[in-house]
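Paired with chain B in one complex and with chain C in the other, chain A is shared by the two complexes that follow.
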Partner chain A sequence: MFPQLLVNSLIAGAIYALVASGFSLIYSTCKFVHFAHGATIAFSAYFLYFLFSDLGLSFGLSVIFTIIFASLLGWLMDKVVYKKLRQRKASKVILLMTSFALLIFFESLILMLFGADVKTIGYVKIARGFDFLGAIITPLQIVIIAVSLVLLVLLYFFMKRTKIGKAMRAVADNKEVAEVVGISAENIYSWAFIVGSAIAGIAAILVGLEQNLEPMMGTNLMIKGFTGAIIGGIGSVPGAVLGSFLLGFAENFGIWFLPSGYKDAIAFAILFIFLLFRHQGILGIGRNSK
Partner chain B sequence: MSKTLQIIIGIIIIAIIVALVFVFGTGKTTEGLVKIGVLAPLTGEASQWGVPPKEGIELALELIKNRVDNKKVEVIYEDTQCDPAKGVSAVQKLINIDEVDAIIGAVCSSVTLAIAPIVEKSEVPLISPASTSPKISDAGDYVFRVVPSDALRGEVFADYIKNDVGLNKVAILYINNEGGAGNKDSFKKRFEELGGKIVAIESYAQGTKDVKTQLMKIKNQNIQAIVIVSYPADSVIILKQAQELGLSLPLYFQTEALEDPFVLEAAGESANGVIYILQADPSGREVEKFENMFEEKFNRAPALYAAEGFDAFNLIIKAIKECKAETDLSSCIKDELYTIKNYQGVSGTITFDGKGDVLKPMAIKKIIENGKKKVLMIK
Partner chain C sequence: MISAYLIHLLILIGIYLILAISLQLSVGFTGLLNLGHIAFYAIGAYISALLALAGLPFWFCFLLAGIGAMFFGFLLAISTNKLKGDYLALATLAFTFVIYAITLNWTGLTRGPLGLPGIPKPSLFGFTFSDNFSFLVLVFVIALISYLIITRITKSPFGRVLEAIRDDELATRVLGKNTFKMKSYALGISAFFAGIAGSLYAYYITFIDPSSFTLSQLIPVLAIVIIGGLASLKGTIIATIILVLLPEPLRFVGFPSSIIGPARQMIYALLLLLILIKKPRGLYGRIELE
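So, the complex of A and B:
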């Protein structure tokens, strides 16, 4: 049973990581909690459903459009809402409340447009998974784990090697100094939203295929993704991915020994422990704790 | 006119009005008039469950031409908005000011539970057309309902699985909220009373999308079947993940969720062979007649609980007919309701048990394939 438990943990962790990495990227650059990231995921998942199941577009095209749509949606949220608030010198708390409002707004919009029923994208047929070293796993679940790991590597190189990535780190480190050397913080914020939301689009596709669609899926995903990001060290993208996997492991191994009703309790107990004893998270070492 | 005189005249007028109200307004119902109060959420979020019973009652009132025997029937509607506090003031008004003989309501279980002690104390019988909480069974002698308690489903299902299918060892997987836990408890209690054994109980939070580890824990036990209490969205997830994990145990769903066409479509082949339980569809000439009359009056098909409102009203009228000579009409209605057996209502066959709960037949269905269903048994 141990291999299966390991696989279950990896799948859960990978899904949390898909949510946490985009969220964490936006947080580390813009320094505020963008809860509406969950809305980007949910709305993009419904967009994929609309393209693929309603309009009958090919799956490949639908996937590409969904990722573009997610980027655009995130960028618009920043441009239309957050930017205006920043210009009025809104505090972090105001931005946080705004992100909640956006999340609820988009969930209500989904409810209005698509109704409360469960929706399935129906691209992957439900079938028995295949045996892999004593555990059962489906092809889609392998893709989810692989994508989340590849994303981790890609994001690492993006932040370290590309011009935009370096500029993002510069703004994250010290916005004023970055602006002095000619980096436009507003531009970099836009980029953070575009890249972070594109990851949300990828998450939307994979989570939508694996878990079906529901209007409130964004909130549920965000709760676990946020927890993973905090455990891993908010502001550090690799940390967020690591924290998400740790969360997946803790939950699944936890309820193997404890009654399964404690699943969420385990997740939040870990969150509390980290907040109390290691608020900078797993990968918080050596970072200047501003 | 001096000011003192004005005050004195004012006081006299008020005194006369108060005296008149006392003489004519109170005292048990005026001869030849029966009053029935209705408590339902007529506005607000829950109005989708409150308006249909009202419409059912309006239709029933029209059919008896506002009269029972030689008495006029008056129906007084009060809006509760599914709020226990509003329900309590509304029931106080119905009992103390309108002095109704019987009440139909409330719709939301929370409101029915809040007003139960008041009707009990005032000895006014009440029939709820829609409250399903198991707690209402013990809410009082004067409290009835024409919808089965959530507990009934669990009891009948336990009976079916233990005695008709002949399984002795099962595991339960349930959604951890009030409804889910209540359903689980009623199944567990009955199944163990019958000598069955619940080997494992696992749960998940509402909104969960991953039950793989729970299913694995159950799979490892020595059991014959899994009993599942779930909502529509998670039913799909459970079916999908059970299929993916190659779980070959029979699944018994103690929920009407599988009746939802969206669920069947989403679950596809993974739902094949699943057995589930829900209230049996009422059928027969009376039901058809009701549906036709309803459509004629309201220009649309009756929504959920319209038939229950119709039946609750007619049951009270039937009881009043039996209570011709009684001086205490309210208590008599209560006593008569307890004697109702196999009443052919439009919401199903109605028999009240000793707690005022209705016993209605349950249907056990099986999904054959491609979303096609077959009724295995009516119990």
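So, the complex of A and C:
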């Protein structure tokens, strides 16, 4: 039981970490809660299904197009909707409500285009899992954990080493000063959406292969990723990753004490508790609370 | 046939009106961005349905639905006392998820996804509201009373304190008002009316299940409040009528119901997006969200 729960926690944590890191990248740069990040994931997963299962494209091509599609979707949301609100200097609360409306809009669109029934991508044949220290793990699950870890390391170096990554951190830290030294904040916001949504696209592919697709999957993943981000410290990408793995552990070990149906409720309860008592998260600094 | 359809729409307008004006009290008048309203609606519906199925009289179930929701409203107000703006929005959102997860998983009480069927028609003083027309009269009377009470509250000294809290909480506290107590009352009263709206809904449909109380149900109510304009009860009434009727022509074009459901949500989400971008004050709004 224990090794299996450990493996399950790692898989859940790896997926949540991908969701949370993209979300947290956008939050730390643009300073608002982009709920529609969940819609980007759900829509991208359905897009992969459409390309691979409906159109019959090769899997490699489908994956590349899906990632591009996710980036484009995030970029468009920023350009068409959020940018207008920023120009009007709308408050964070307005932006939050807007992103919420976007999430519901895209979920309903998915429901309309693909129907309410569950879809399966079925690229990976159901394989016998390996026995790993008394726990069963499938090859796909190993790929999920590996891809997730590699991506997170890449993201770390992207933020630390590249010009855009540094500019993002500058804008996140102090937008006015960044603009004084000649960084265009609007440009960086676009980049945050492009990079964050590309990570969402990759998350969508992995989730789409591991689980079934359903129209509401975006909201569920968003809440998990978001909870992970809050636990770790919402403005910090490493914090979001740490929080996501902690959430994965809490959920999976929680079912030792509670019926497994309450897995989701555990996440929401943790989210609620953190918002009340430590909304800056474990690694976050106590600012922008008021 | 036509009149039965019209009566159905009028009943919906009545129920949505109670929900929207009570949300207006917490969002528009007190400035608490409460995204937990659907949870109070759900609590009211479930309390009322469970008591009615146990054979208790209508007036008792109806009142207890309101009081039960109010109790949770106080609970939420006490726990989120220190949060503001987007953090409050997120905490109340998490509350919605927790309540949803409970209705779905506490199968011993709520029968989970199977829902609670066979809720009896309400009866009062020996008269049973068995047909829809008499039920419409009941809904109309309750909506009218709710409207009068909330109007009364907003014009009272208590209502003025609430608006003062919305505009400047610190200054209100400096003037010696116990803002914490006032905010709790506002949220409690708001929850009470959401609870009785839930009770009416349960009695009307005679069947409830968790899917009636998901996050996407919040979109129409939130859209009504924002489109009508914050802190304007007149705007709320007009917006309720417009928004309930707006998606109805879809029915006559002959779309299947699997399209109409998501299309309705998309219309509401789009309207909310448009109003937030183009005219954030709504139709008759006196203030803008901060």
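Here, the second predicted complex is superposed on the first by the 270 of 290 C-alpha atoms of A that agree within 3 Å, B and C clash if a C-alpha of one lies under 4 Å from a C-alpha of the other, contacts with A are read in each partner's own complex, and residues count from 1 in each chain.
Please note the rule applied: contacts are C-beta pairs under 8 Å (C-beta built on N, C-alpha and C of every residue); 3 or more make two chains touch, one makes a residue touch a chain.
As the structure is a prediction and not an experimental result, all values here were calculated from the model.
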Per the contact definition in the header, classify A:M112: touching chain B only (first), chain C only (second), both, or neither. second
Touching partner for A:W256 - first (chain B), second (chain C), both, neither: first
Contacts for A:D264 in the overlay, against chain B (first) and chain C (second): which applies, first, second, both or neither? both
Output check: A:V171 vs chain B and chain C. Expected answer is one of first, second, both, neither. What do you get? neither
Given the touch rule stated above, what does A:A39 touch, chain B (first), chain C (second), both, or neither? neither
Chain A: partner with more touched residues, chain B or chain C: C
Considering only the touch criterion stated at the top, classify A:A20 as touching first (chain B), second (chain C), both, or neither. neither
Between chain B (first) and chain C (second), which does A:L246 come into contact with in this model arrangement: first, second, both, or neither? neither
With both complexes superposed on chain A, which partner does A:V81 reach: first (chain B), second (chain C), both or neither? second
Common interface positions of chain A, toward chain B and toward chain C: 216, 259, 261, 264
Where on chain C is chain A touching in the complex? 33, 35, 79-80, 82-87, 89-91, 94-95, 97-98, 101-102, 104-105, 107, 112, 214-216, 219, 222-223, 226, 258-259, 261-263, 265-266, 268-270, 272-273, 276-277, 280, 289-290
Within the complex, which stretch of chain A touches chain C? 32-33, 81, 84-85, 88, 90-94, 96-98, 100-102, 104-105, 107-109, 111-112, 115-116, 216, 219, 223, 230, 259, 261-262, 264-265, 268-269, 271-272, 275-276, 279, 289-290
Residues on chain B engaged by chain A in the complex (per definition of touch): 176, 201-205, 207-210, 212-214, 216-217, 220, 232-233, 236-237, 239-240, 243-246, 260, 262-263, 265-270
Which residues of chain A touch chain B in the complex? 1, 4-5, 8, 11-12, 15, 117-120, 122, 125-129, 136, 138, 210-212, 214, 216-217, 220, 251-252, 255-256, 259-261, 263-264
